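Shared between the two complexes below is subunit A, which pairs with subunit B and subunit C, respectively.
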Partner chain A sequence: MAIKVRKPGLSTSIQDLGRPGYFHLGIPEGGAMDRFALRAANMLLGNDEGAACLEAVFMGPELEFEADTWVAVTGATMPILLDGEPREGWTAFPVSKGQVLSFGFLKEGARIYIAFAGGIDTPMHLGSRSTYVIGALGGLDGRPIAAGDTLPIGTPGKVSERKLDRALLRPSQNPVELRVLPGLYWDRITEASQERFFAEDWTVAPEADRMGYRFRGGSPMEFVPREQPFGAGSDPSNIVDGCYSYGSIQVPGGTEPIVLHRDAVSGGGYFTIGAVISADMDLIGQLQPNTKVRFVKVDMETALDARKERKKRLQTIRDALTTA
Partner chain B sequence: MPDIQSPLPGTFYHAPSPDSEPFKKQGDQVSPEDTIGLIEVMKTFIEVKAEVSGTFEGFSVADATPVQAGDILAKVG
Partner chain C sequence: MKTRYTFGGDEHIFVEMDDEMSLEAFFKAIAISRAVQEAKIDGVTEILPANASFEVRFNPDIIHPDTMMAKLKELESAASNAEPRMQTRIIEIPVYYQDPWTHETVMRFRERHQDPSGTDLEYAARINGYDSVEAFIEAHHAQPWFVSMVGFVAGLPFLYQLVEREKQIEVPKYLRPRTDTPKLTVGYGGCFSCIYSVRGAGGYQMFGITPMPIFDPQQQVTYLKDFMVFFRPGDIVKFAPIDRAEYDRIVAAVEAGTYQPRIAEVTFDLDAFNADMRGTNARLMEALHGN
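Up next is the complex of A and B:
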């Protein structure tokens, strides 16, 4: 079984849950920007939760099926069309040999996940099928999919009509609130700057991608004066190189915060004021350019509670879909 | 009268560079393959194709404006 790519969309790539274990060598975990949506798409089809799917950002691809199978699309809201007929998101639906799957204009969110019964069966690289484009690793030759590509599909399990009750999804917010745990270098900026960071509205910059989400609109940060240590650059936002965690927020020059995401580097010479908590990282993967966000200060206890709550929500959905 | 809609969210530009003439001016002939503007997103500029034929009637949004997918960018008569 295979699927032919007729049109690739903007930057559609094969993603699974990523390749943990190599970050210390500079190879990011990668994988889906919205891990929750990828898991849900796979659950709908009875796939392994971490099976490889297509992640399409802002624009959907156009795909032709070479055999009968089942498909589920989750994540952003984008009209789903099978031979031009509408299909629902967060729902497993059958497709027949020769049918074409395409998409309308993006309505809400940023990334859709297209799962196929059996999952995409490209070779594993360092334990994952995820595409890391900058490192030319994983996926199809380490690049986004292109017109004329053929996607090999694995052997499906038992598939039936399944639908996710949307009441089980995390409710959407406006403005989006991203919870932040201040970090090691928090004290590099003045108290007034610390307060402004959380008080002001920030807007997603159009440069935001799988490496990082850049925000603008807030005031430039004021640094606590110091003599730059040996080995650090001369800009007050420079440090002697440090490690970057998934979700950490670097602010080059103290102007535009960048939240490091799935394909980010593992370290560098800009200070990081803190990190977006893991429970909110999927939300970032669904932010369109020019969306307003607020950063909200939390402590470790709140961050861990939020992580537990997210796990609970996922388990509720898992129970609902596996007993259905 | 067909409208040209934005295929994706980003920043819309009328011209290939800040110093250039816009891709199209009022009264110009438009073919489906013609580029009428650029959308900047994720450090990439994506060409917006007309996908219709006719006479260019003007841009519907200002140069260097943020747009959403589905927004009307220009009108062709």
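Up next is the complex of A and C:
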């Protein structure tokens, strides 16, 4: 079974749950920006939860099926069309040989996940099929999909018509609240700057991709004066190059915060003020440029509770879909 | 040196051995990160050593962050008694300084540089007090370097030179990062040299290029067949200046699958190095050329 790519969309790539374990060599974990949506798409089809899917950002691809199969689309809200006929998101639906799947204009969110019964079956690289474009690793030759590509599909399990009750999804917010645990080099900025970071509105800048999301609109930060340590560089926002973490917030020059995401650079010489908590990373993957965002200060216990809640929500969905 | 522990969100602990760069801080970071690895703590998913710091990623569903933090602090005292000595390898990396490809890129991004009227090498030579670019290049390759961190992007080494602090080269990064850097560019920022493993954005000053691939996701290059990343923290590097003819010869040999980097196994002892830097370096370089 295979699927033909007629049009690739904007930057559509093969992703799964990533390749942990190589960040110490500069190879990021990668994988779906919105892990929750990828897992749900696979659950709908009875796939392994970490099976490889297509992640399409802002614009969907156009795909032709070479055999009968089942499909599920989750994540952002974008009209789904099978031979021009609408289909529902968060739902498993059958497709026939020769039919064409296409998409309308994006309505809400940023990334859709297109799962196929059996999952995409490209070769594994360092334990994952995820595409890491900067390192030319994974996916199809380490690049986004292109017109004319053929996507190999694995052997499906038992699939039936399944639908996810959207009441089980995390409710959307406006403005979006990203919870942050202050730390790392947080003490490099003044108390007034620390307060402003959480009090002001920020918006997603156009520079927002799999490596990181940049935010603008807040005040420039004031640094606590110091003599720069040897090897750090002369700008007050410079540190001796160290390792970064997923979700960590760096602020080059003290102006525009960047939250590192799944394809993060593993280290560098900019100070960081803390990190977005693990439970809120998926939310970032669904932010469009110009979206208004608030950073909310939390402590470790709140971060751990949020993590438990996310896990519980996934389990509820898992239960609902396996008993259905 | 004062160790500082901090959480990076709910999955990471960042440990800074010192806020300034030194071989002592690097060795301490390596020693503790090895101790953490050997302790095989349930829930630790990755250990990332860096120049003067390291980071541990853990799964908070398995180990509570406070417990993780306490374990790391316990290991610090154990590791601080470790001898600052390591078994490692020295590798010769050929460098074509002032090559046409980085020069073209240097000129293309001139308006993002501190000194748009010259080249990166002219600027770096001047602010470090060298009379000529040639004398500066000589200082860059005459003494060996430590790979003090691997990262940023796939397999990129950060290198710290094995010389007295007053002889360390220091340069700022570009005022605004470039959107392009040729693959295998030898760069410089702060007190670190680096080799860009892939083409892409970058902010380091550009000095030259090596013909020797250091990252190969296809694993076609003979010496990268076992693993796609060449460098490991703790490797020692000696740059060797080459000309265009030698550059072309090595590129052809890499393609033909006949190129083998010059490598020797060595022991590095920090105390011995501090007691006699030039003597230690001379012995390292002898080992490189002895086999």
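Just so we're on the same page, the second predicted complex is superposed on the first by the 324 of 324 C-alpha atoms of A that agree within 3 Å, B and C clash if a C-alpha of one lies under 4 Å from a C-alpha of the other, contacts with A are read in each partner's own complex, and residues count from 1 in each chain.
One rule holds for everything that comes next: contacts are C-beta pairs under 8 Å (C-beta built on N, C-alpha and C of every residue); 3 or more make two chains touch, one makes a residue touch a chain.
Because the structure is a prediction, the values reported are computed rather than measured.
Colleague: In the overlay, answer first, second, both or neither for which of subunit B and subunit C A:Ala67 touches.
Modeller: neither
Colleague: Quick one: classify A:Phe105 as touching subunit B (first), subunit C (second), both or neither.
Modeller: Once the two structures are laid over each other on A, A:Phe105 reaches subunit B alone.
Colleague: Which partner does A:Phe23 reach: the first (subunit B), the second (subunit C), both, or neither?
Modeller: Touch partner of A:Phe23: subunit C, not subunit B.
Colleague: Which holds for A:Ala192: it touches subunit B only (first), subunit C only (second), both, or neither?
Modeller: neither
Colleague: One more residue to check, A:Phe58. First (subunit B), second (subunit C), both or neither?
Modeller: Only subunit B; A:Phe58 stays clear of subunit C.
Colleague: Is A:Ala147 touching anything from subunit B or subunit C once the two structures are fitted on A? First, second, both or neither.
Modeller: neither
Colleague: Counting only touches as set out at the top, which of subunit B and subunit C does A:Pro206 meet: first, second, both, neither?
Modeller: In the superposed model, A:Pro206 contacts subunit B only, not subunit C.
Colleague: In the overlay, work out which of subunit B or subunit C sits against more residues of subunit A.
Modeller: If we count touched residues of subunit A for both partners, the winner is C.
Colleague: Please write out, lowest number first, the residues of subunit A touched by both subunit B and subunit C across the two complexes.
Modeller: On subunit A, the subunit B and subunit C contacts do not overlap at all.
Colleague: State the interface residues of subunit A toward subunit C in the complex, per the touch definition above.
Modeller: Interface residues on the subunit A side: 20-21, 23-27, 125-126, 132, 134-137, 142, 181, 183-184, 186, 229-235, 238-243, 245-248, 265-269, 272, 274-278, 300, 303-304, 307, 311.
Colleague: Note which residues of subunit A are touching subunit B in the complex, please.
Modeller: The touching residues are 10-11, 57-59, 105-107, 110, 206-209, 288-290.
Colleague: In the complex of these two chains, what residues of subunit B are touching subunit A?
Modeller: Counting only subunit B, the residues touching subunit A are 5-11, 40-44, 46, 66, 68-70.
Colleague: Would you pull the subunit C residues touching subunit A in the complex into a rising list?
Modeller: Residues 6-12, 14, 16, 18-22, 45-55, 57, 60-61, 64-66, 149-156, 158, 165, 168, 170, 172-173, 189-192, 197-198, 200, 215, 217, 228-229 of subunit C touch subunit A in their complex.
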